[in-house]
Structures are given as C-alpha cells and as structure tokens.
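Order of writing sets the chain letters: A, B, C and D. Residues in each chain are counted from 1.
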Amino acid sequence: MNLSPRIVPLDSLPRELKSAVQPHGEWRLGLLTSLDGSQLITLLLQPVTGEIQLWESPIEGNRYHSLTDFGIPQAHWFERGLADLFGLFPEGHPRLKHLLMHDQYPVNFHPLRKTPLSPEENPFSTRRFPFLEVSGEGVFELPVGPIHAGVIEPGHFRFSCFGETILNLEIMLGWVHRGVEKRMTEVPWQRARFVAEAAAGDTVIANALAHSIVVESLLEVEVPRRAQLVRTIALELERLAMHIIDVGGLATDIGLLGIAASMSRLRGKALGMGERLTGTRFMKAFVQPGGVRKADEAALSFIGKGVQELRKDVPPAIDMLFGVQAARERMSVGKVSHSLAVEFGFVGILGRGSGVEYDARTVFPHGAYPQLAPKPVIEQNGDIRSRGKIRAGEISSSLDVIAAALDELTDGPICADLPRNLPADKFSCAIVEAFRGELIHLACTDKNGAFHRYAIKDPSFNNWTAISIAIRNNLIADFPLCNKSMSLSYSGNDL
Amino acid sequence: MTLDTYEVIALFAAVAAILMLGTTHLRLNLTFYCLHTLAIAAETAWISYLSGEPQHLIAAAGVLVKALGIPIFLGWIIRKLDVDSDVGTYLPAPLCMHLGIVMLGVSYLLSNQIPGVNGDDATFGATSAIGILFCGILLMLTRKVAISQIVGFLVIENGIYLFALTQTRGMPLIIEMGLLLEVLVAVMITGLLLFNIKKSFEHIDVTQLTELRDQ
Amino acid sequence: MLSFAVGQALQIVAQCVGLVVSLMVIPPITVGTIRKIKARLQNRIGAPLFQPFFDLRKLSMKGETVSKETSWLFRATAVINLSIMLLLACLVPWLSFTPAVFGCDLFLIIYLFALSRFFTVLSALDSGSAFSGFGASREVTLALLVEPAIVLCLASLGVAFHSSDLCTVFSFTNTAPVPWILWFLAGSGLFLTSLIELSRMPVDDPTTHLELTMVHEAMILENSGTNLALIEYTHFLKLAVLLGLSTQCILHALMTRGIADELVRGVASLVGIGILALTIAVIESTAVKMRWSKVPEFIAYPVAISLLCMLIAVLRWTK
Amino acid sequence: MKVLIVLGILPIVLAVLSLLIRNAPRLRLFVAVMHWVQLALSIWLLLPLLDGTVPAVVYSPGLMLDRLGAMFVILTVFVIASASTHAVCYFAEEDIHRHSEIPSSPMRNGVFYACLNIFMLAMMGVYFCDNLAYLWMCIEATTLSSAALVFHDRTKNALEATWKYLIICSVGIALALFGTVLVFTSSQRGAFPEGSLNVSELILRANKLDFVLLRLGFFFCLIGYGTKAGIFPMHSWLPDAHSEAPAPASAVLSGALLNCALYGIWRVYQVILAASPHGFVNHVVPILGTVTVVAASIFLVRQYSFKRMLAYSSIENVGLMLVAIGLGSGPLFFLQAVNHSCAKVALFLLSGNITAACGTKRLNKLHGILKTTPLWGGLLALATFAVTGAPPFGAFVSETAILITSANRNHWPLAVLLISAIAVSFIALCLHIGRILVGQAKPDCHPFQPMRSSIVPGVLVVGVLALGVLLRLDTLVKLP
C-alpha cells in the first residue's frame, strides 16, 4: 500500500502518539523506526477499519525524549532497536540496553546510520548487557543459553529465582543478527525477495508475500486473481503446519508423547502439501512480486485431498490434548492479561488469547483477504490453554480457508509482468497475518529507484516482552511450556 | 494371627477410602470411590457365602449398583458442569490423606473400646468401618466443591453399611434395600441441584453459599 | 554325602553365574523394553531392544570432557555409585535366584541407596553448573519426601516377619501368614516410590530435553563419555533392582502357598519385571508430567500406602 | 393393614394427579379439599385409638400405632390441610405479583404439590413405625421430599437453603442410621439372637440389651434426629430453610416436620428409659432441650428477618418439647406440639401474607401493618402471644405444665433457666412484632384479599385460644 508521510514535529510526537495509540486511542503502533538516523518514522495502524498513517518527525542530532518514558510501552523495544541500528538515543528510557547487537560489535557501530557518529555523541562506552539484579536472601540467578539442550535458536535467558519461583526473567537476544534490513537495500530489488524470505525461516510465505505486496504497490501492478488465491493457500499451509507443530510442542512439554508424535506426523503432511505445491517443504522461492512461480493443477488437487484428510485426523488428537484434566491444569498458567496485551500491543495468538480482537487478515488486504478471512478465534483467559485453543481453532479455520480458496480457483495467469524500475522517493508498506501474528514490511525508495530503507517487523518483536511478564511468579519448570505456547521467533526478532 | 478374608476385603475398602482423600481430582476421586464400593460389594457377597444366606447376594447386587451407577451419574454431571478438580481444600489433600490413616489407627483403638464387638480383640472389620466413616466426615469437612460433599456423604453411608455388615448378623434385607433406595434418591436430587448451583453461582464451590446467615 | 556337597556347590556356582549374567543383561533390556513399548504406543517403530547396550558401548568409546572447575569427586562418583549399586544388586533379593550369601538387612539397603544418592548430589554440586545445582536441589527434595515411604514399606514387611533380613522376608518358603493386602500395598508403594526414585513420569520426564524441568538428567548434564556410560548403567541397574523388589512383593501377594520350584520362581520374577516395565511404559505414554508444585500430592500416595502398610503390620503383629 | 392402605392411597393418588393436572388454581383447590377429606378419614379410622378404647394397634411386624402416634397423625394432617387451604389464596396472589424473576409455571406448581403429598405420606409414616429402621427411612424420606418445597422459589437464596438443608440433614440422618445399627447390634448381643429393631419388643426386654451399645446408639440417634429437629448446635439449616421456603411450606416444615423428628427421638428414648430408668441419659435430654431454648432465645434478640425470627421461635419450642420428652411425658410433648403447631402455622401463614404484600422480609423495612390491614395485624399480635405462651392461650398451659413437672422432678436449675429464656424470647418476639405492627403505614404495601387470607390463621388462633381456655393445668401436671 503506498503511503505519503505526514510531518509531525518531534516536540509534539509523544503527545500525539500517546493520544492515538491504544489504550488511549484506537490505533496501534505498527513500526517506529528511522530511514537514515535523521528522522523518526512512525507507522500507525487502525486495527478495525484498516487505515494506515505514516508520520515523519525529523531529528536534530541523535537524541530524543523516550516515548516509552512518556507512557507508550509499545515503543519500548523499538527504541532499543533505534539505538542499536541508528545510534538514536532515547533520553529517559527506563531500561535502555542493546537489543540486536551484542558486545562483540564496536561500541560506536550503527549499521543503518548514514552519517557516522562521533564517540562523544554516544552515551554508552560499552555494549555490556546490564541484567536487572534481584537481590535478597535465597534469590539466585540461573543463566540459560544462548545454546540450549534442544535444537532451537540461540537466546540467552537470565532467571532470577527464589527457590523454584521465577521472580524476574530477562531475555538477551540478537545472537542471530544478520543485517537483513541493510542487505535488503544493498541487493538489486529483483533479488531482494530471496533476502526477505530468509528473515525468518519458518515464516517464508508470509515474508515473501509482504515483500511482494510492497513491491507490487510501488510498481502499481495488479496481481491476477489466481495468483492471489494460490498465495492464500500457501500462506494458510504455512500457518497450518506451524500451528500443528506448536500444538504438538505443547503436548511434548507436558509429556503426552503419543499426541506429540501424531502432531509431528500431521505437520509432515501439511509440509508435504507445501512441497508438492512449491517444490520445497518450507515453500521457499514460491511467492514472487507479481504473483507466484507456479500453480500446478495436480498439486492443487493433492492439497484438496490433503485438507480432507487433515480435517479428519487433526481434531481427535487436539481434543485428546485439551481433554486430559492434568494437562488442563498444567496449561492454566502463564497468564497475559487483556489490559497488558492492549498496552504492549501484543499481536497474533498472544493478543487473541487475551481477548484482543485483531487479525490482520480481516482488515488489511493481502492474498485473497479480507474477502476470504475467517472469523478470528478469540479466547479470554490469556493462559497457555487459551493460546493452545486458538491454535486449534485456527488450524480448522485454515483448513476451511484453503478449501474455500481451492473452490474459487479459476484458470488464468499466475504472474503479472513487472516494470524494470521502482519509482523514486516513495513509501510503501504491507501488513500480513503470519502464523505468529501481524508482520509488517515498510519500504522507502531513494531517488534512483532503489530501496533506501527496508524495515521488517516480525510479530515476535512485539511479543517477546510477554514471556517475561507471563512467567513472573510462576514455577521455573513451567517456563518451557509457557515459552512453547507463545512460540516466539529468535531470528525474526534479530533480523 | 492371620487376617480373615473378610477382614482383608474390609481393609481394602478402607484403604480405597483413604486414598480418596488424597486427590482433589474429582474423576480420580470417583474412581477410588468405585473401587471402595466394589470392595464393599465383594465383602457383602463374601459374607453371604460365609453365612450361607443367599439373600445377601441381593444386597451385594444393590451395592454393585451403587458402585457403578453413582460414579457414572456423578461423572456425567462433572462432564456436563465442566468442573474437574476441587477449587481448594481447607486442608491440603495429602495431609488429609495422612490424617485419614491416623484416623484408621484411632478407629482401631475405638473399636477395641466398644464392648461386645466380636470378642476381646477388635476385628479389622469394625476398624475399617469406623475408619471409612471418619474418611467420609473428613471429605465432607475439608472439601469445597459440592460434588465432594455428596461423595463424602456416600462414603459415610458406606462406612455405616460396612459396620452393620460386619458387626451384626444380618440386617433384614428390606431395610438394606430401603437404605439403598434412599441413598440413590438423595444422590439424584443433590446431583440435579448441582446444575442449579452451577447456573446461579457459576461454580459448584459451596463456600460461595454464604448469603444466608444471621446478620 | 560327597555328591550332595558337590551338588550344593554346583548350585551355588550356578546361582552366582546366573546373578552375574542377570546383572549384565537384565537392566539394559528392561530399559530397552520400556523404550520399545513406549515407541509402539506412540505408533513409532522405536529403537531395537538392545539399543541400551549399543548406547553404553558408544558412550564408553567416546572421549570425555571434564570441566576444569571440578574436583576428583566428579569423576569418582560414577565408579563409587556403580560399586554401591552392584553391591546392592548382589544383596537385595530382587530376583528369586540370587544366592543368599550375606543376608541382607533392610536398613543396610536403605542406607546404601542413600549413600549413592549422596554421591550423585555431591558430584552434581561439584560440577558447578547452574542446572546441576538445580537438579540436585530437586533430587534432595524428592528424596526427603520419598525416603520414608521405602523405609516404611520394607519395614512393615520386616515387622510382619519379625526379621529385618529381606532374604528371610522374600524367601518364598516362609509360611508366616502375611495377608495378601499387606504384600500388595507394599508392592504398589514400592512401585510408586521407584517411579519417583528412578525419575520416571509423572514426576520427571526421562525423555525431555528441557533443562529447566529435569531432575535426574539435570544432575548428570556435565558428564560425558565413559563416565556417563557408567552412570547410565548404574541407573539401569537401580531400575531393575527396584522393579524386581516390587515384583517380588506382588508375587508374594499372588501366591497362596510357597513356590517350591526354582524355575517357576525365576521365570515369574522375570515376567513380573517385564510386566512392571510395561506398566511404566503405559503410564509414561498416558500420564501428564505434573507441575512441580503438585508433585508432593503425588508423593503423598506412596507415603500414605507405606503408612497403611506399617499401620496394618503394627496393629497385627506387635501384640 | 387395610387402615394403612386407605390412609396411604390418597396422598399417592394426589401426588400423581398433581403432576398431571396442568391447571394450577384448580389443582390447589382440589388438593386442599382432598386434604380435609384425608383428615376426616384419619379421624374416622383412628377413632378407636383416639378415644382410648384400644391402647395400640399392630398392623404388621414393625408397623404399629399407639395413642400418642395417632394424635400426632391427626395433627400432621391438620397442619397440612390448613397450609394447603391457605396456599390456595397465597399462591393465587403470588402468581400475580411475583418478586422473583423466575416465572411460575404449572410444572413447578405440580412438583410442589406432588412433593407436598409425598412429604405428608412420609410424615404420617413416621408415626406408624415401630421398627427403628423404618422410622429412619421415613424421616430420610421427609428430607428428600421436602427439598423441593424449600427450593420452590428457585432463587439463589432458596438454592442455598435447599443445599444446606439437604446436606446437613442427610449427614445428621446418616448418624442416626449409625445409631440405629448400634441399637440393632446391642439387641443381638443381648436379648435377641436374631436381632430386633421393633421398639415394642426392645422395651419389653430392655434390661437384657447390651446397655453400652444401646446408649451409644441412642446418642447417635439423638444427634441425628436432633439435627433434623433443629436442636442447638445442629440447628443451622433450620432458619435458612424456613425463611426461604414459601409460606405454606414453612408452615408445614415448622408445624409438622419438627414433630416428626422429635417423635423419632421419643421412640428411641423410650427404649433407653426402659433399659435404665434412672441413668445419666435421662438428664442429657432435658439439658439439651434447655440449652436449645436458651440459645434460641438469645438468637431471637438480634434478628433482621421476619421469617428467620419465626424459625428461631420454632427452635425454642423444639427445645421445650425436648424437655417434655426428657421428662418422659408423652402428653406434655403432644400438648406443646399442638399449641406450637397451630400458633406457628398461623404465624407463618400471616408472615407469608405480609412479606408477599410488602415485598420484603427485613424487619426494619416492615412497619404499620395495623394501619394497612388491621385484620392481619390483629391476628399477628394474637398469634405471637399464642406462640410465646402468654396466658389465655394453650401454650401457656403446656409450658407451665412442663416447668412445674421439671421442678417436681428436681430439675430446678433447668426450670429457672427455662423461665428466664422463655421470658427473654417473649420480650424479643413481642418487640419485633410490635415494631412491625405500629408505625407509619407502608406506602408500597399491597395487601391482597385481607378477609380470605385471614380465614385459616384466624381459625387456628381461635383454636389455640380455645385449647388454653379448656385445658386444666392441674390434670396435666399429674400426668405421668
């Protein structure tokens, strides 16, 4: 969607932003970033009507007053990111630590900043991560990671415990910071889609789709209907596979290995459908600007059959998981309250599990949405079980959507021809409901028609805060289950 | 010095009743109740075999109805009401269970005190019966969910029945049948009342029933 | 006369050979059986029955990494524990055909178990890793809760027989009239305690990879190579001994008079261990790992059962 | 046997018909008429017992009726007939102005009347039982059948009251069952190798029973049936159930059910009296009765709810009856029961009228009844005097007789305590009722059919007055 920024002076930004974003206003903070370190870019989304606003606030120097400190907790991690990537330092930020770049980078290295910063302008002399210290008799710290016992991504967790109870949890991420956003501006735009897809390895379709929408709207290209539908099918297949394995993960963590085994098998089935459609199990290099790479009739009818089978096989396993009483008991922890979810702007499963009725599929156009959008699944309790139930509900609604898209599928071209050059000096953004939640791509072209700045906001970026809050005062042994229920992405956050 | 088989069965019923105290999980509770009542049915049948009175077999069949019918009925209610564990107890469940064991010891002493209970040495029959009675009372006193109170009442009832079974030589059958009928009707009525409690109070936690009191 | 003595000597030799073979073969196979059944219950084919042997071999061939923070204790523990467990396995009548050479006092058994746990915990603390300390703290908590249950279960049988020698208790020929309910309760109490002792579900999940929830696995996280192989084998042995002991109790509950035939006893013991392994597999496939705060509620059951055993035994046999 | 069938058939038929007849007003009228028929039938059939020509009739082993029982049967049927007669106009009013959000339906009405009839059958059954186990069953049946009466309003409070009633009484009754089993055991250890629970047989061979077991059994029965009768400290269900049930049901609970439970105690007590005429047990019962009277009088002082206050007054009277039982005097027990039943039924029915008209049960919101409806007000005052034992009424005679008898039996401390407690409760009740009667007329009070709704209470009050005038104290005191 093409945008043109409105200039909001830096002085009035906090006030205007606070009155606009939830819980005071109706908007949510989509993105808070910068183009090259000399301005703040604020992307605001209306989660009901689907309006989008882009604000630009020029900055003199590299200091501004922290928005978090002004009472906008949604901006908390964005400001940490700004400090790391652009050297823009928020004054009065309650807990300013580095987010993406750990202490082996030079202190004064800010990859996305166009004009280098002199050391005097940098308030920090070290990149040490000052963990919050909890003191008192019997309180001890338990460092976990970044390398874990299972095969998962790296992240360092610092638990402050009192006996078996977690008093505080601090998370240090950034171990897989690869410079995706910078790389996006360095490669030719025709090849940028491969970089975009790699932002998070399990969110391939959603990232590719968001990137395609950004490019298509810059180029003002109409995507054929068939391609839209096939994209929808691919997106839902991705959601299906990931939700199934996440539910299976819950079962593994509470020790119901039989159910977990079935879920792994079913997830394999969903991935197999994706492979048949795209050629790779995680569906890489399939969605491209203008449409999709291929749409084989045989593959589509195979998916139709697969959907029928999954409809039969998945619900019994899930019902078994949620029916076991002891499992319900285990899943009754890790609460995220509704007010917290609104205040921090949690998205996706996490938000909907706490009663936030926001599903980008019903609001923002992508693929065949919002026409085909299912009714969002909402749970009120905010605990592990309600997040699990939402996954279960979305598994079945995804199956329905795939079936509906297959029904609607007609013959036609699957890819539009694209012009050779991107227009100059334009903004464009795309909002896609990935399986974890709202995924945002924002692009800005320079005067040569190349990407000047390409920002990606993974859903996990909003949600990482939730885990530390949800697990507070719970048992250490409940942390893995709580973590699994949120299923956050490390690489999506680190980019 | 050997225990008679009928004493062993009675003891088994008491053990099941004690284990019932240890869980707040209603379904597990019902399973233990079922075991406990089955043991009492077996006891009835065994005593009928010992005494050669076939009429006791009918009583055994009646207890069997109690052992199977009531857990099924209450299980159905639990499923309908979507309540599956006790919201909280006045006494932690494990402690309660261990208290139940102490009570079994106490009831051994008690049954020694009651004169005329089969000879000079207390039988484990009377011990188990009084122990079960205590378990039922503990269950009723320490649990907050209405279903547990019904189950507690049933356990008390079983304790009394077991006492009658082991200490008397044959209560008239019609009386036993009458008692059984009353118990079944009581469970039906209270069970149906549970639905109303759930509807009005949104839970079957009886500690919420505090509206009526003086002042 | 001479031929009789020779016959007896031969029998003892046969028993010793049987014991050695059992010690080497039964524990890993029991573990393999549990794993295989679990896999089948999850619709997987699962590793072969003899996989634990292969695992032990693989581990013993691997190099060992030892943290420089540790002392000699860290490495010595594996050997110490293995010796304790072998001693235990020789003493405890966990199989019907072990030679009753030394006699076996139940308090000795309990202290040997405690000693082995002491060294495990010590070595976990010695390694200095945060998880090992965590696991050790959990292990000690569990031990504190579970220990009385084992003591009382075994002691109640001792009271019934007026003897603290387990070989007398489990002799199969002693006709002291112990009611089946006592045997049965003692057996089930021992079985439940061994679930906890052996870090099986629902208290600990032996297959988990989540370091924050582990108990036993957390303690041995730092061990590797041969050291780990020894620890694993010790653990297998402990499993077999404890399951064997429960089996013996249940067998005594089931039989109405003494079983004279050695062969029948031996086969029954082995089959019993197999059935308990099956039970463990079924429990682990269906049970949910409990919340740590709910674990005491579960432990209360074996404790209650053991208390009941003691109560029955004391009321009946201390006149 | 024929008598039993004839007496039992009408309630059963009525119970079935109640569920079948869908027209609520017609059903109410029909049942009320039939209850009077039942009363006439009972008097006619039990006449030989009542006039003393036959001391007791044994219908079958375990079923027997003596004179006291016969009189209680008549009293029970009379109370139920009065209540159901009054219910005709009470429920008619309630159908129009309901205060609860749940609409009335023919089904609910049918269930009420069906349960009322089964309740009546169970209560009549209590008096016919010679066998203690049958007695237990009948009393448990009264609990189960009256639960629906208490729950009639279907409100949250009614639900709570019903739940407490069912659970507390069931547990109490379970203890009584244990007591019964113990009595049976004692009979087997002693006189009867086969064992017996028939009171008549037990009394005959009382001295051969195993006394320790018998005494234990009696205590359990006392606690068990005492719970049902509302003896302090097991009374907690009683105010709840009485205040939440609709007025006719409260009247029946108070006027008939409590007598049943006390009759259970009376039967067991007779056995123990026969076994040990001068034992320790003989002091326990009057003391328990006195304690109940004292406790109830203290509770009466601080009351906020009209019907709860009346319930506590019932507990007080239960205490007095228990004293009468403890003194071993059946006639005194019956006389106190008659006076209390008639006066309390009148009071509960009037309280139903007043609370329905004013829409509240809170004492501090009720005032000026004398101004709004002088008829109700007057009757209320008279009934209050009647129930508290003021002079011209029957209760005065019976209470005085109890006091004198207990003094004669050297229970002086009890008599003194009783007198002071009765005085306290008299003052408390009169004060509370006086506040209701006088003062500004309540503007939102809508009295309905003052004449028709006063008939039954009026007749009852007159009856109690007549009893007081006709009874001669000196003959009563000389009774055994």
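We adopt the following convention: a residue touches a chain if its C-beta (ideal position, glycine included) is under 8 Å from a C-beta of that chain, and two chains touch if they have at least 3 such contacts.
The shown structure was predicted, so the numbers you read here are calculated from the model rather than taken from an experiment.
Student: Centre of all protein Cα atoms: which chain's centre is nearest to it?
Tutor: B
Student: Which chain has its C-alpha centre farthest away from the C-alpha centre of chain B?
Tutor: Following the centroid criterion, the farthest chain would be A.
Student: Higher C-beta contact count, A-B or A-C?
Tutor: Greater number of contacting C-beta pairs: A-C.
Student: Roughly how many whole angstrom separate the Cα centroids of chain A and chain B?
Tutor: 55
Student: Per the centroid of Cα atoms for each chain, what is the distance between chain A and chain D, given in Å?
Tutor: Centres of chain A and chain D (C-alpha means) sit 72 Å apart.
Student: Based only on mean CA positions, could you tell me how far chain A sits from chain C in angstrom?
Tutor: 48
Student: Where the CA atoms of chain B average out and where those of chain C average out, how many Å apart are those spots?
Tutor: Each chain reduced to its C-alpha mean, chain B and chain C end up 35 Å apart.
Student: Please output the residue numbers of chain A that touch at least 2 other chains, ranges allowed.
Tutor: If we look for residues of chain A contacting two or more partner chains, we find 326, 329.
Student: So, with touch as defined above, which chain pairs make the list?
Tutor: Chains touch in the following pairs: A-B, A-C, B-C, B-D.
Student: Considering the complex alone, what residue numbers of chain B touch chain C?
Tutor: 1-3, 8, 11-12, 15, 18-19, 22-24, 92-94, 97-98, 100-101, 104-105, 108, 124, 127
Student: Spell out the residues on chain A that touch chain B in their complex, using ranges where they run on.
Tutor: Going by the criterion above, the answer is residues 325-326, 328-329.
Student: In the complex, go through chain B and note every residue touching chain D.
Tutor: Chain B reaches chain D through residues 114-116, 133, 140, 146, 149, 153, 156-157, 160, 163-164, 167-172, 175, 178-179, 182, 185-186, 189-190, 193, 196-197, 200-201, 206, 209, 211-212, 214-215.
Student: Would you mind writing out the residues of chain B in touch with chain A in their complex?
Tutor: 25, 27, 84-85
Student: How about chain A: which of its residues touch chain C in the complex?
Tutor: Going through chain A, the ones touching chain C are 141-144, 148-150, 164, 253-258, 260-262, 265, 324, 326-327, 329-330, 333, 475-480.
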